[in-house]
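What follows are several structures.
Across the two complexes that follow, subunit A remains constant while its partner is subunit B and subsequently subunit C.
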Partner chain A sequence: MADDLNYGYKGADVPQSFGNNKGVFDPSDINNLVKDDKWTNYGQLELIETKVITGDPSSVSLDDLGTGYNVHFITFTNMHTDDNRDQNLRVKVGGVTQTSSSYGRAFRVSNSAGGYDDKDATLDRLRILAEVGNATGECWTGSLYMYNALDSSKYTFFTTNNVFISFHPYFSSSFGSGSYNVSNVLSGLEFYPSSSVQRSGTISLYGIKEYS
Partner chain B sequence: MATNLEFINSFEVTGTVQSLDCDNIFSDKYDVYYLTVALKESSAGNDQWIRMRLIDNTGTVITASEYDYAQLAMPANTGFYDTNRATGQNVILYGGIGYSDDTGNGGSLYVYNPNDSSSYTFLQAQAGSTVGNVLFGTKGISVHKSAETIRGINFHTTTFWGSGTVNVYGVK
Partner chain C sequence: MGLIQVATETVTSDVGFVNLIGTTTDDIYMVAFSNLRGANDNAIPYLKILVGGSVDTSSNFRRANVEMKAYTSFVYNGYNAGQNFMYVTSGGTGTATGETAEGIIYLYNFNDATQNNSGTIDTVTHTAQAQTESWTGGFVHNVAQSSNGIQILMSAGNISSGTFTLYRVV
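After this line comes the complex of A and B, so read on.
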């Protein structure tokens, strides 16, 4: 039995918020609460897009970062390039890939030969990892957090964790950070190898939902 | 049944502050918590580490010398170093959650077993921030070496934050 209140039955208009919904609600009430971002619905890792790489593209783009997210989470599964390639990332602003030397990276690789550090403070791309192999079974998989991508007042930062088999071949892991040193609202991301094409793999982009 | 991350609370910097209490966030509902940390200094050039302390079950920030930590610092323009480590400290100075600068920062923090009165509380963080416009990556671990119930976490700095948000999620 709906009434003239925005949420719930007649009587006192109880304040509603995520995690604090009180009353009995009909579907119309719930629709209003969802619209106003006040309905408790757990599961704050929200899938925005999954892209399965086929057809050997030179790059793969994610052109929808959703709205309202301060932190995004990206997974990479069974990513294949040609032999001894780096996996790179560039951001997009207004749909345009940004190629200025505004990217920083710093990550550590651990492998069966000891590992190494990989860093650059001013490059025209963000290298996520390097030296990926492509013999049978060789690929990379991992995850990446992206911070402040939709905030015009802050730089965009990244943290990554990956495992891969290098071209040597060494079983390897890497972790580290990255930055895009421009305060801007991003519209998307572009992934591409250091040369040749992206052979295969799956990239999923999630937004981490928050409530004020 | 809900899965993955479950939002618990959001804490926002209002005004110009040196400290942000995230209280009443840990409970018996989860064993593991995920926090996103984005704090921005109020003016340029201060570049201070984000410090952490835990809050006990009475709401008191723990200042006893019960923290150990270790951090790998990864500046993008010079060699990495792992000398940011210590035992028996009264604050987690180098916990891996990074610097705050006026360009903002971005970090992820996992907290393990805070509500378990029979276990230490363990933390793991990874972040990106800038110092002098150069990327400064960090990855760190820390522990509160007292088996007690923890209900919150305090972030603080020796300079000032002008904006920023900490969001807290339970890992289901």
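After this line comes the complex of A and C, so read on.
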């Protein structure tokens, strides 16, 4: 039975915070604490959405970035395109894909032929990696961290690590970073190949929760 | 992979440094930081080791890294002679719009007194020159000791903003 305190069943209304909840709580109290970001709930990698690519779409969008995250984490598993395609990313603002030349990137591609530096200061997309193959076993897998996507006063940044087999075929890895150099709140992300369609793959989006 | 928050600090006005303390088990730890900006234009974020909550000032950092720049050639370098700090980014943060640093740092063997501390760093900076730069690399702090955290500071001046969180990876 709840009393009239906002948090806690009985006694004085004591300060509550993550890792420091004191008192006896009923479900209503816990709901209030969760709403106010003061409930201790260990496990700060929070799954927002998983998208399994089917039906050969021209692009794949993640349109729910959650709320309150400074950092997001995205995993890519068994991503397939047609042969010799680049994998691109664009951000969405208010549901609209952003195509201005406001993306910068700096990546290193290491492969069995030696590799190369991959950079562009002003492009209309963020190219995550290039030259992916589509023969048996040729695909890409990796992860990407995204920063400040939900902050209207800051640019959005990305760091990423990937492994793939190119069309040559070269066993390859890529790592580096990119940025979307506009201060905006993002509503989503769009992934698409340099031409043709996304054949298959799984993309999972997580928020990395932090309690101040 | 799961993450359990161990410590966090959000900077909204100038501070000399941020200490993240709590690497008290043999697990891997992860630091996520965003919106890191120095009060001085072009100041570079550094990392130092905390032992018993105090900074280890010995020159025992060895590193290997690549500085990837969106606008010019990349720089591959390392340092094996020992430094008393570790670079966190390529290029310094700036005071203009968007000129901040963000990234992920993994910490290994920090609690184990029989092992050297080591770490990997992946960061991105929109620099004081308004350019995108990336830093990927690793370090070994070449002393077998138990360390309980890290300190983030700038090459000059204060930290003026940033959110820094230490997680235990489970």
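Keep this in mind: the second predicted complex is superposed on the first by the 211 of 212 C-alpha atoms of A that agree within 3 Å, B and C clash if a C-alpha of one lies under 4 Å from a C-alpha of the other, contacts with A are read in each partner's own complex, and residues count from 1 in each chain.
By definition in this document, a contact is a pair of C-beta atoms (placed from the backbone, for glycine too) under 8 Å apart; a residue touches a chain by one contact, two chains touch by 3 or more.
It should be emphasised that the depicted structure is a prediction, and the values quoted were computed from it without experimental measurement.
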Based on the shared subunit A superposition, would you classify subunit B and subunit C as clashing or fitting together?
clash
Which partner does A:F157 contact after superposing on A: first (subunit B), second (subunit C), both, neither?
both
A:Q44 in the overlay: touching subunit B, subunit C, both, or neither? Say first, second, both or neither.
both
So, A:Y170: does it touch subunit B (first), subunit C (second), both, or neither?
neither
Overlap of the subunit B and subunit C footprints on subunit A, listed as residue numbers
18-19, 42-45, 70-71, 104-108, 117, 119-121, 145, 147-148, 151, 154-155, 157-159, 161, 175-179, 181, 183, 208-212
Parts of subunit B lying in touch with subunit A, wherever the complex brings them together:
2-10, 12, 36, 38, 40, 72, 74-77, 79-80, 103-108, 126-130, 133-139, 163, 165, 167, 169, 172
Subunit C contacts subunit A in the complex at 1-5, 8, 10, 32, 34-35, 66, 68-71, 73-74, 97-98, 100, 102-104, 122-124, 126, 131-134, 136, 163, 165, 167
Touching residues (chain side subunit A, partner subunit C) in the complex:
18-19, 42-45, 70-71, 104-108, 117, 119-121, 145, 147-148, 151, 154-155, 157-159, 161, 175-179, 181, 183, 208-212
Contacts from subunit A onto subunit B in the complex sit at residues 18-19, 41-45, 70-71, 104-108, 117, 119-121, 145-148, 151, 153-159, 161, 175-179, 181, 183, 208-212
